[in-house]
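What follows are several structures.
Okay, so subunit A shows up in both of these, paired with subunit B first and subunit C after.
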Partner chain A sequence: MAALLIGLSLVVVTSRSVFRSAIALTAALGVVAGLFALLGADFVAAGQLLIYVGGIMIIMLFAIMFSHRPAVGLDRQTNDQWLWGALFALAVACGLIVQFRAVYRGVFSTTVSMPTTISIGRLLLGDMVVPFEAISLVLLAALVGAVYFGMDYEERL
Partner chain B sequence: MTLSLHHFLMLSAILFGIGIYGVLSRRNILGILMSIELMFNAANINLIAFNHFLYPNQVWGQGFVIFVMTLAAAEAVVGLSLVLAIYRNIKSVYTEKLNILHG
Partner chain C sequence: MFELGPILSHVFQVLQTWVIGHGVPPLGAWILAKAIQVGVIVLLVSLIPMVLVYAERKVSAFMQARLGPMNVGPYGILQTLADGIKLIFKEDIIPIGSDRIVHILAPMVVVAPVFICFAPLPFGKGLVPIDLDIGVLFIFAVSGVSTIGVLMAGWGSGNKFSMLGGVRGAAQLVSYEVPRVLSVVPVLMFYGTQSLHGIAMAQQGRWFGVIPKWFIFYPVIGQIAFLIFLIASVAETNRTPFDIPEAESELVAGFHTEFSGLKFALFFLAEYAYVFVSSAMAVALFLGGDDGFSAGGIIPSWLWFIGKTFAIVFLFLWFRWTFPRLRVDRLMQFCWQFLLPWSIVNIGLAGLAVLLLK
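And now, the complex of A and B:
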């Protein structure tokens, strides 16, 4: 599962065709949902499938099809800084791996996973109710902003 | 071999590194957005893994993951509408063509 996830995300960042990397990203997000289910987070796994795979990726595929001329589908997709970018990413990943190995080695799970939907509902409308309302405002602002940027210049107020 | 916490953390570190490489090396704005989604997912794997291994009787980590997913959805919607507006204006989705502020 981990090898599948890493391979798919490498396809996402290295593929020449944007459409192909979007499809690979869809599959990678599905694998991440499988990891969530493996870690006992059933509600979040279902939400990952619904929101990411069903929602965000559909929007992204629409944007790709709107903004792409078919003839230029196989341009070179990396800029001139790709070597330094790869070195920096490698440094960050190695630092994180070394730290995680040193600190969290040998922490095992001891409990059996239970369904989490009831407790997440109580948490969202109990202790987390203020960020829950704040994020609804953020979503409203994002919708209004998306509509505003989607309009033509002449239609704007 | 049973899975320990640091296996999941190492996987998410590798995923985060791949996302950083994508953000730094892509020419296409849509590719950069997709790499940002990869980095969000690396952070989400971290939150779920910490919740599962360290605090198995609470769901705060999963609540945070729901918030992160919502913010990622908002970010993707605004980003993609910006991409469409940019494409209407300069007929390109490549970042080096975005130099209209370049005096």
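And now, the complex of A and C:
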């Protein structure tokens, strides 16, 4: 599944059509939701699908569909230094893998997966209520801003 | 007596012990049992839309004082089968100016989530394919994936009008998801679980010995929640009066104009399967799932569930031929300026009710 995710991300970055990259990104986010589910985080997996795929990617696709790019672009997606870039990315990846193995050696999840909704609810309204309220305020500001920018110019003033 | 749940689990036990006795490891036996259950669900999902298409044609015909399909088979029962076979043999046309891969993938992205949506539905006692703890959220999340398919269909047709149809369709789908999810929140507040089977179980019993404890009978919140959920589901499944995306008399066929043959059949199948899923959810959440007097075991619980679901499906079909189509801006207005505020008010009232009753 992780290999599928890496493959899809490569398609996102190298595809010549903007729309195809967006579809590959959607599929990649779906695979991430699957990874969440495999790790036992059921609520987060469903939330990932609902919000990322069902909300954010749709808006992104709207924006792509309404911008006037030709359907299959012929631009080259890489510049002349792509080999050095690829080597650098590979080096970073190896470094990260070595570090993760060193820190998490032998710690595989052996706990029985339990439904997480109750604990998330308790956390949100218990220990984490301040970040929860702060995030709601940020969302409210974003909503008001979106409505304001969506109004006609004369209506705004 | 006719309860399928215990019979089926017994059958699976026997099958598994037989298979293990022949040398297959227990994990293999478990996978085999799950594969058979998946096969049954796939079969269900393929057959139910056929029944629904026939039902729609007959119901609409009787409402319009005509007979509907009568030629193919007795009373036209095999009509949908004939239509399906015809669609399979049609030529598969891919427009030149379109993106081939997107055009081919779009119907699959629309149809695949429906099969998954049938899993958490409580078909009866012991007949829940998978009793997910996040059943409600899961169905909503997976339905959202179909919206991407609608956008892909609009884009992949290589046709400006189809693209506009796809965008309008996706906008409608995304908008009506909000009141739909919010209208279900009072149910979750009362029953404390997102498992559809758990919610259906919690609605057993009677008040004063007569009125069933279904959520729709709760004083004000039940009715408002049910109505908002029903209206939003009709809009989510692109049925009249909300079928601007596929209006036959307006946009030719909107986002699925350029799809012929099997691809069109897949879109059709997805729409009717979603009608069934929405009705089943309404039944499980608001109408008590498989609750009902069992007459000493003669009327099994799954018969109650199927009966109630088809009653709601009849409502869906009835709406189509009763209400005129909403214009697209009034459709959005209706969602954001009427349904959404009322669903939020409903959540407030439900909070009050939970406070007072517990």
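Keep in mind that, in the parts below, the second predicted complex is superposed on the first by the 126 of 157 C-alpha atoms of A that agree within 3 Å, B and C clash if a C-alpha of one lies under 4 Å from a C-alpha of the other, contacts with A are read in each partner's own complex, and residues count from 1 in each chain.
We take it that a residue touches a chain if its C-beta (ideal position, glycine included) is under 8 Å from a C-beta of that chain, and two chains touch if they have at least 3 such contacts.
Remember, it's a predicted structure, so these values are computed and weren't measured experimentally.
Aligning the two structures on subunit A places subunit B and subunit C side by side, free of any clash.
Looking at the shared chain after the overlay, A:Gly47 reaches both subunit B and subunit C.
When the shared chain is aligned, subunit B comes close enough to touch A:Leu124, but subunit C does not. Set against each other, subunit B and subunit C differ in how many residues of subunit A they touch, and the higher count belongs to B. Contacts of A:Ile58 after superposition: subunit C is touched, whereas subunit B is not reached. Contact with subunit B, but none with subunit C, is seen for A:Ala142 once the two complexes are overlaid on the shared chain.
When both complexes are overlaid on chain A, the residue A:Arg20 reaches subunit C alone and has no touch with subunit B.
Contacts of A:Gly30 after superposition: subunit C is touched, whereas subunit B is not reached. After the two structures are overlaid on chain A, the closest C-alpha atoms of subunit B and subunit C sit 14 Å apart.
Counting contacts as defined above, subunit A residues 43, 47, 55, 62, 66 meet subunit B in one complex and subunit C in the other. By the touch rule above, subunit A contacts subunit C in their complex via residues 17, 19-20, 23, 26, 30, 42-43, 46-47, 49-50, 53-55, 57-58, 61-62, 65-66, 71-72, 115, 117.
The touching residues of subunit C, when paired with subunit A in their complex, are 97, 99, 101-102, 105, 132-134, 137-138, 140-145, 147-148, 151-152, 154-155, 158, 163, 166-167, 170-171, 174, 177, 194. Within the complex formed with subunit A, the residues of subunit B that make contact are 2, 4-11, 13-28, 30-31, 33-35, 37-38, 41, 44-45, 48-49, 51-54, 56-60, 62-63, 65-67, 69-78, 80-85, 87, 93-96. Of all residues in subunit A, only 2, 5-6, 9-10, 12-13, 18, 21-22, 25, 28-29, 32, 35-36, 39-41, 43-44, 47-48, 51-52, 55-56, 59-60, 62-64, 66-68, 75-79, 81-82, 84-86, 88-90, 92-93, 96-97, 100-101, 103-111, 113, 116, 119-120, 123-124, 128, 131, 135, 138-139, 141-143, 145-147, 149-150 touch subunit B in the complex they form.
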